[in-house]
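What follows is a set of structures for review.
Same chain, two partners: chain A is paired with chain B first, then with chain C.
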Partner chain A sequence: MSLLPALRTGALARVNPVTKLGCALLVAFTLLATVDWVSAAVAAVLETAVLAATRLPWRTVLPRLAPLGVAALLAGITTTLYGVPAGRVWWHWGVVEITDGSIAFAVATALRIAAIGVPSVVLFLTIDPTELADGLAQLVRLPARFVIGALAALRLVGLFFDDWRALELARRARGVADRGRVRRWAGLVFALLVLAIRRGSKLATAMEARGFGAPGPRSWARPSTLGRPDAAAAAIGIAIAALAVIVSVATGSWHWVVS
Partner chain B sequence: MHATISSTTDAAARRTPDPRWRPVDIIVAAVLAVAAGVVFWVWDLVSNPVGAPIEAALPGLQGIINGPWLFAGVLVGLVVRKPGAALFGELVAASVSALLGTVWGPLTLVSGLVQGAGAEALFALLLYRRWGLGAALLGGLGAGIGESILDLTVWYPGAKPLFDVLYAATTMLSGTVIAGLGSWLLVRALARTGALSRFASGREARARA
Partner chain C sequence: MTAARAAGVRAAGWGWRHAGRRAWAVRELDLDIAPGERVLLLGASGSGKSTLLAALAGVLGGADEGEERGALLVDGRRPEEQRGRIGLVLQDPDAQQVLARVGDDVAFGLENLGVPRDELWRRVQDALDAVGLAVPLRRSSAELSGGQKQRLALAGVIAMRPGLLLLDEPTANLDPHGVAEVREAVERVADDTGATVLVVEHRVEVWQDFATRVIVLGGDGELQADGDPARVLVERADELAAAGVWLPGRRVLDEPSQRPVGAPLLTAHALAVGHGRTPVASGLSLTLGAGEAVVVTGPNGSGKSTTALTLGGLLRPLGGEVAAAPALAGDAGPAPIAWSSRQLLTRIGSVFQNPEHQLLAASVRGELAVGPRALGLPDAEVASRVEELLARLRLDPLADANPYTLSGGQKRRLTVGTALATRPQLLLLDEPTFGQDAVTWAELVLLLRELADAGDAILAVSHDPELARALGAREWPLAAREAAAR
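For the complex of A and B:
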């Protein structure tokens, strides 16, 4: 079972998920430190160039990016209306105050969200949960029991969908399926949760019986490794973050988010 | 193995809460978190396209819809009652919704981390000994505080102080009611079915009923 099959084409397929996560977080935290349109624009342009080079299928990528565009736009609208007022006042009505200052902040906010979101949406499209868990446990050295437990639970999602179908059929057979859509859904979700917990308890017993959580060294069926593609990806991530900072500071537009 | 035996008796569990995680704690926490992650993802889909344009025009009151994204940590904390449960639950739930595909990408993970840490901090303040309604509400409030701080730095960095205050207040209110009260009611209902029989949270409710 898989939630959404990860994209396996293009150069990104050979990069370890941990590297992808690291790059996305690096760019995100760098841009979060400042609110200015220059750093965000520089990062966005560079990211677009890199994406074009990775040759992911645009038909898959663009629909996933669309909600991000909407979210960025809406955050921009909010900031336009309620941003810190400065400079010329364009419109003032109650608590709404559109000024030069709030518009500038709005543009910076929207660009920043786009620049943070684009690489992350795309990188996550290409991440396989199993590989991510292997990387997090072996390379980042997060506690293995927790990482593997989470992965085991994730694999139950496929069963959730089967359970949902079975529950619906069972209720229909009993003649309690046709009234009150909201109530019925709430009941189904609850029943699903109970089933999931019971299955989880059983799964835990089975895993314990096979040595899960036992003391002693753990071995790994799928070694997670870093290689040349990871070095290249990390270099690109660092370059994007660094260029955004350098250009922003050089043009005097860097603006600390907390000041 | 010792953990399993020592926490089988209810009274012993109440006197000295065992901070060690049994495999069943980890797996059920993860299962609940994964289910919560699916709920997060559905809430993303439902809340974004419908309410988003209206929300964008509100002076900070849009924080009221944040509650459903905060409940995973409180829920897992209340069920498992271990140090780190709230953080683990919220983080796994956030990862699942990120893998399913959210607008926010890895920032979803940061959100999960901050929300979980908020709930975790308040459970820790109670020394992981109180798990009643009050603790649930505080956990929801903690998650709301974490989320407010993050959102106001990430999404609305240029907003006016009035907006900041309204946004934080509505987020915390939503966290307390939906994540806090909601999780408490859910855990109580789950306990009544007997599904939580391997946890102190489930046995207590059965003993009372």
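For the complex of A and C:
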């Protein structure tokens, strides 16, 4: 078992991961600045239109979006029931109070989760970790030692799933798996940590033996460049964020989170 | 391949002691290896071969990791100062890839050396050609076979054009096909580049024609023999055999006398096995009788380990059934997977492929006591079982050491010991002889033979051709992927 390979179909595959990351962050920060439902709705509608045009393999993508839908729904329901009461009261029972205010806030929250979550999930599904690392090091100029180290460590994450499974079986074989669940878990977590550190140090040795961290300049096998697709993607990202703000302010619904 | 200047090695009174150990792993080593020599480095399990190789690669670590004495120089300079001049290939095929794709992984070392992009990709392709790995550059390294992964590791190293190539049991984890692939690739690379090569390996026959010189480290970390392979291996044969060196054509153990096979203990019928929902092998049928030994063979990836885990009551069968006869099950039910962890202990013992997955205690002695303690045995009985196993497995000098600090071969003997400590009637072992020198190998095999003679059943997954013969075992071959068994 290992991490999922990145999707390489559709228009998004030609966009540099750094651009995708930038777009996702821009939309997220814009929508987090306000609590109204209009901005979130505008962004969600525009994003859906744009993503529909990128021709992603939806059969693969939609199941990955399902948890996001559940999260949005749950957040919406809780906010409806427990949100700050305002306006007309529809139902009241103990601490539960459904009001115009709590309903509006719930819709805004659910839309916001969708509007921030959907593009993030879709963009990350199409990002290849190696290409992202190349971009972060070459374009954003993050320290190579840090970026490449993190990339190499990411490869180990897949192995941890195998380790966990093997450790569970091994405990059963050693006769110590009948103990209480909590103690067993604590033991497993500790063992996994020990293994992770050992794997990490072995990998560090292998990297060091191949000149990682050697003095002198490093070269890059894969150039990370920005081109037309990146300009287009950035323009779309900025447009979505800007339209969300403009419509929201124009309809008088913009509401700063901190005010 | 463009030839790199071959490197020379010199050790003068060199020694290394791992932090927290009393004994020196290597001591008083004086050695001169001329550029271009091809050296086969032999020695007993735990004699410091891997330590020497790690030191030559400059990855042994600083003063926190241990104490150094004397000098160890490559081309007259310390190894740490010469990244790229020295290449290291380790035994674990999965521990050496840094990046996810084949081409990127080979390029990694070149990037670190600052090789310009055009030249870099030329050298990547040259290196892959040299090791005979003809796969697309974008292929995921996780999809490669064991032999291909080792050749990928070799390519990543030789792309840097090292003058000294260090190989630490590069074929130990591979099936016979993979062994041949890697052996061939190393020879081709050595011929093309003229680099100095140092190979650590237990199995002499794989490398004896390749080597121009044999160096043997003794059990106490000192130089024991050094010279021309034909001369050293013949003239000092008895001495080397006693030190645990595997010599070609020399049988370590004779075949055992014929054992009668008793009543069946465990049967598998139309068994399908796998970790997830997709079987890696199916249609497996087997009957294991008391006193019987079976060796499971087959290429890497044919589902041997998964089969052993399923037979051992650790994985649920994906199809068919595993049934224990009353003679084995006793008061427990017929399906081992339904037994409790404690019930398994006296019935089926499992030894995993990776010993580190099975380590639980802070000392070797404590590790052996885990099983007997879980059975609730009296202290005196626990102690006597532990002491007996420590002696039999030659682990008594390490009784108080942390299991994680043992050598690969010692760890493996320890996990075999932990399974034996609860005296199960059926023992399932995954590559039990891996990393053993001839002496510890013989001790281990004799121990297993005694168990079979006493009426226990043994099933071992192994690439070791000698094991089946010395155990008097029947072979159970699993076919590649789409498995069909007898």
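General observations
Here is the rule we use: the second predicted complex is superposed on the first by the 219 of 259 C-alpha atoms of A that agree within 3 Å, B and C clash if a C-alpha of one lies under 4 Å from a C-alpha of the other, contacts with A are read in each partner's own complex, and residues count from 1 in each chain.
Note that a contact is a pair of C-beta atoms (placed from the backbone, for glycine too) under 8 Å apart; a residue touches a chain by one contact, two chains touch by 3 or more.
Since we're looking at a predicted model, the values are computed, not measured.
Measured by the number of chain A residues touched, the leading partner among chain B and chain C is B.
Looking at the shared chain after the overlay, A:Gly175 reaches chain C, while chain B stays out of its contact range. Touch criterion met: A:Ser219 reaches chain C, while chain B stays clear of it.
In the superposition on chain A, contact is made by A:Ile77 with chain B only, not with chain C. Shared-chain residue A:Val35: touches chain B; no touch with chain C. Using the contact criterion defined above for the overlaid structures, shared-chain residue A:Ala152 touches chain B and also reaches chain C.
Using the contact criterion defined above for the overlaid structures, shared-chain residue A:Ala196 touches chain B, although it does not reach chain C. Looking at the shared chain after the overlay, A:Met207 reaches both chain B and chain C. Of the two partner chains, both chain B and chain C are touched by A:Pro129. Residue overlap on chain A between the chain B contacts of one complex and the chain C contacts of the other covers 129, 152, 194, 198-199, 203, 205, 207-208, 212-213. Those residues of chain C whose C-beta lies close enough to touch chain A in the complex are 54, 57-59, 83-84, 86-88, 90, 92, 94-101, 103-104, 107-117, 120-121, 124, 140, 142, 156-157, 160, 275, 309, 312, 314-315, 340-342, 344-345, 349-350, 352, 354, 356-360, 370-371, 374-375, 404, 418-419, 422. By the touch criterion given at the top, residues 2, 5, 129-130, 151-152, 155, 158-159, 163, 165-167, 169-178, 187, 191, 194-195, 198-199, 202-203, 205-214, 216-223 of chain A touch chain C in their complex. If you check the complex, the residues on chain B that touch chain A are 21-24, 26-35, 38, 48-49, 52-53, 55-60, 62, 88, 92, 95-96, 98-101, 103-107, 109-110, 153-160, 162-163, 186, 189-190, 193, 195-196, 198. Against chain B, in their complex, chain A makes its touches with residues 3-4, 21, 24-25, 28, 32, 35, 64, 67-68, 70-71, 74-75, 77-79, 81-85, 95-97, 101-102, 105-106, 108-109, 113, 116-117, 119-121, 123-125, 127, 129, 132, 145-146, 149-150, 152-154, 156-157, 160, 190, 192-194, 196-201, 203-205, 207-208, 212-213, 257-258.
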